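What follows is chain A paired twice: with chain B in the first complex and chain C in the second.
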Partner chain A sequence: MTRTNVNKSFRAHLLNKLQTDYRFDNRKKEEYRDIKVELGVISKAEGSCRVTLGDTIVLAGTKLGIERPYPDRPDTGSITVNAELLPMSSPDFESGPPGIQSIELARVVDRSIREGGAIDFKKLSIEHGEKAWFVFIDIVSMNNDGNLMDAACLAATGALLNTKYPNVKDGIIDYKNHGKDLEIEAQPLLVTVNKIGDSLFVDALRAEEPYIEARLSIGILDDKGTICALQKGGTTPFTEEEIAKALDLAILKSKELRKALKGGKTGKK
Partner chain B sequence: MAYTKRHDGRKMDETRPVEAEVGVIKNADGSARFKIGDTEAYAAVYGPRELYPSFLKNPSQGTLRCYYNMLPFSGMGNRVRPGPSRRSKEISLVTHNCFQPIVDLRAFPNTVVDVYIELTDTDAGSRCAGICAASMALAHAGVPMKDLVSAVSGGKVGKSVLVDLDYKEEAYENEEVSDMPVAVLPRTGEIVLLQMDGKISVDEIKKALKILKKPIEKIYELQKTALKNSFTGGEK
Partner chain C sequence: MSKVLFEPKQIVVPGETLAEGMDNLPGEGTFRDGDKIVANVLGLMNVKGRLISLIPLSGKYKPKRDDVIIGRVTDIASKGWIVNINCAYHAMITLKDATSDFIPKDANLSKYYDVGDYVLAKIVKVTSQNLIDLSMRDPRFKKLDGGRLIEINTTKVPRVIGKAASMISMIKEKTGCRIFVGQNGLVWLKGEPKGENVAAEAILKIERESHLSGLTDQIEKFIVKSLK
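For the complex of A and B:
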């Protein structure tokens, strides 16, 4: 992957600016860009959501299929989360098999949804040991201007909330007609807190990301602040105090994301 | 029953509603969105930029690469497996064949112009929508071109020759269906993409090519308007 060149004087500029509590784009450290959530934007998906975070655009869509349950769990369906960092969305992304960045993205979102209990896998069961619903959640970046992680999880949760089961006739799925909603038990969201020097901030831009020394992605289930996933990234360590601070900040910011999700407009379908 | 009336009430030579927009992907050097009915294509152009690995470089002119891709959730029925398929590679090839004769990359030796076409939603006619979007994105990126490319499918359902078949018509069971995607250089009327599947007579091909002309002209105008808007402050 071609990396945006790391420039020493730009790093110094970022650090200086962060000392003043502001970012180089004049946002506060704990301030997100404008968030827009649109639901039901894809006619052929069972559920879909487009999240616009400043200039970052992420699209998530769900497809439902019927498969044989895993032998050790005959009464449950499951989910698959996949992320594609489309070469369309950034000059840094290239065609080819998924790189480590998209794998990490998909796995952290998967963890938030799975461990957060967003879906009760038992409810996906159709026939013991024979048939169960499997939910495929695909996330793609349309334009990457940073913080794909938070946008991706927001989009995935939005797409799930918007998902309807296709009808089934004589064991065959009729994808043209949809019936009841997929039951969503919890709405996990990710907030990533980034560290440069001794400053913590959220919602990094693509221009800032190469300079981030460490990040903590925090999956949050509700406004009470139940945590459902954690992922530390970057090679620099965090102190215990920083982690406590990051957790508090993330819970605070997740309320904002949740509000945007609630206010999401539903398109056709 | 003969298919003499279209299921959505369109005239035989009428396309579904079309939306065209330019500048939708900020990171790209040029980008566009083209929507026809429920089929929606995004295209982004990067370049001319450095081409790696170096042995691919062409010192006499820049290289054009086109990538057509359906997103996993974009199709009716099962999820589309991510990554290139035989189908997407073939469509990438015929898309490339549309643009190679009209882009002029002699001023950019050793570089590459990458055209990424992503289908977010498909309801038949996706390669034509992709070509329309790519053509606008290339123009938006300022790549020297002889013309835009406008594309729409023709074909027939039963005895009716018509344009812009949707998924329902393509999958029509009671009658014979043929689907013929066509891409045209609107200024000269030259044809740069022609494919067909199904059974069709020579006369019906001629008729389809004839009734395509008006919709192609309409699409061309919409493409030009979208491009002009992007330079006169209409850009989002």
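For the complex of A and C:
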């Protein structure tokens, strides 16, 4: 989203609302909207998850495939994260090749999962140098009312937790029957802290997003607050104190997201 | 022999044949196909003498003359401003119609309206090619300063305004907000943080529940409850 044509008087009004802690939907700055996590919503995927965050809906699915490992790492599998922002989900999204927003989304989610060590890639190996499992994570926006980043990572982690290996017979994968669960070592979650003026807030609405000057997406692994990924966006810098404040806020809020993930309902599979 | 196939107020979907024969005329939301009149939109049947038209239930805004709309300035041209009015076609405000002030020959046009500004304006002309001309030569038309915008279905705009503006003046009075409702479905609000949020919620509630009767009283109760 470009920030070139930001209406200054609208920005001032929004800033005033943030400072008085009355956001457009009566939330406080440090409050999330209602989070709903549904696991196993796609029957043809190995694992799937739908996250509803207020009016934002994100769907993630995983597929498993057997491929030849990379030559420099003969005994590991890998993951691929792909994000698609459907034009149906927002007037800002266009069809065609992936835009900068969807590439960033996929990369940040990929980084959280990869660097957070959610999957031990060595355990994906089947045959040294010949065969390994590859995990494909696909993220689709069903409706965008802001904060796709946090919802997407929550959905991806939820989908991984829900993933089962398909059965293999004589080197052919039988996608209709599934066996044991994919082992998940850690559950990375993203919390994006946004900044307008000197106000820091979480869970931005679509109406607030064009006015965001800087954002910091923080990947958090557990309730102790282990940080596994960072992504800074926007044109303005954060001060040192603001980063410290953002990290504390993100760790606090990640507990809320983790609780929603634990309470996620499993659909039929 | 001509025949009208639907009762007034019945719901029809695009493609349905509304009438047969040449005695009736196709109105808004309908078109003639041979000797049939066919629905163009999802809407309610409306028969007025020989004219068959539809009251649309959904859809994007279609510009009409004399509509007061809210638009966003997207570009500055040599003869005026290009405005996005939340419909398929762009509108234009010419220098002549932009303000009642005199604009000198080599003035910097972005001083009057800059790209990204929202304006309240009136449609003065819509040509058959859908070239839309706006005018702001009236004290009530102006640049919108601060506040926020919400988008509602254009077909629900009359309900938000109410009979003789009863609904909207009630909301304004109770919440202490300044509100402009554009016929193109954009609503601008500005007020105290709490009152503004309540007004926005009330307007979205009207959009959702526009089919209920006694809506003004319900909305009034809702606002009083929310403001407590």
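By our rule, the second predicted complex is superposed on the first by the 263 of 269 C-alpha atoms of A that agree within 3 Å, B and C clash if a C-alpha of one lies under 4 Å from a C-alpha of the other, contacts with A are read in each partner's own complex, and residues count from 1 in each chain.
Following the convention adopted for this analysis, contacts are C-beta pairs under 8 Å (C-beta built on N, C-alpha and C of every residue); 3 or more make two chains touch, one makes a residue touch a chain.
Just so we're clear, the structure is a prediction, and the values are computed from it rather than from any experiment.
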First, second, both or neither for A:Ser90, with chain B first and chain C second: first
Partner chain in contact with A:Thr226 - chain B first, chain C second, else both or neither: neither
A:Ala207 touches, of chain B and chain C: first, second, both or neither? second
Greater residue coverage of chain A in the superposed arrangement, chain B or chain C: B
First (chain B), second (chain C), both or neither touched by A:Asn177: neither
Partner chain(s) touched by A:Ala45 [first = chain B, second = chain C, both, neither]: first
Touched partner set for A:Ser9, first chain B, second chain C, both or neither: second
Touching residues (chain side chain A, partner chain B) in the complex: 41-46, 48, 55, 57, 59, 61-63, 65, 82, 84, 86-91, 95, 97-98, 136, 138, 140, 142-145, 173, 175-176, 206
Parts of chain A lying in touch with chain C, wherever the complex brings them together: 5-7, 9-10, 12-14, 16-17, 20, 22, 24-26, 207
List of chain B residues in touch with chain A within their complex: 25-28, 31, 38, 42-44, 46, 49, 67, 69, 71-79, 82-83, 114, 116, 118, 120-123
Chain A-touching residues of chain C, taken from the complex the two chains share: 115-118, 144-148, 190, 193-194, 196-197, 200
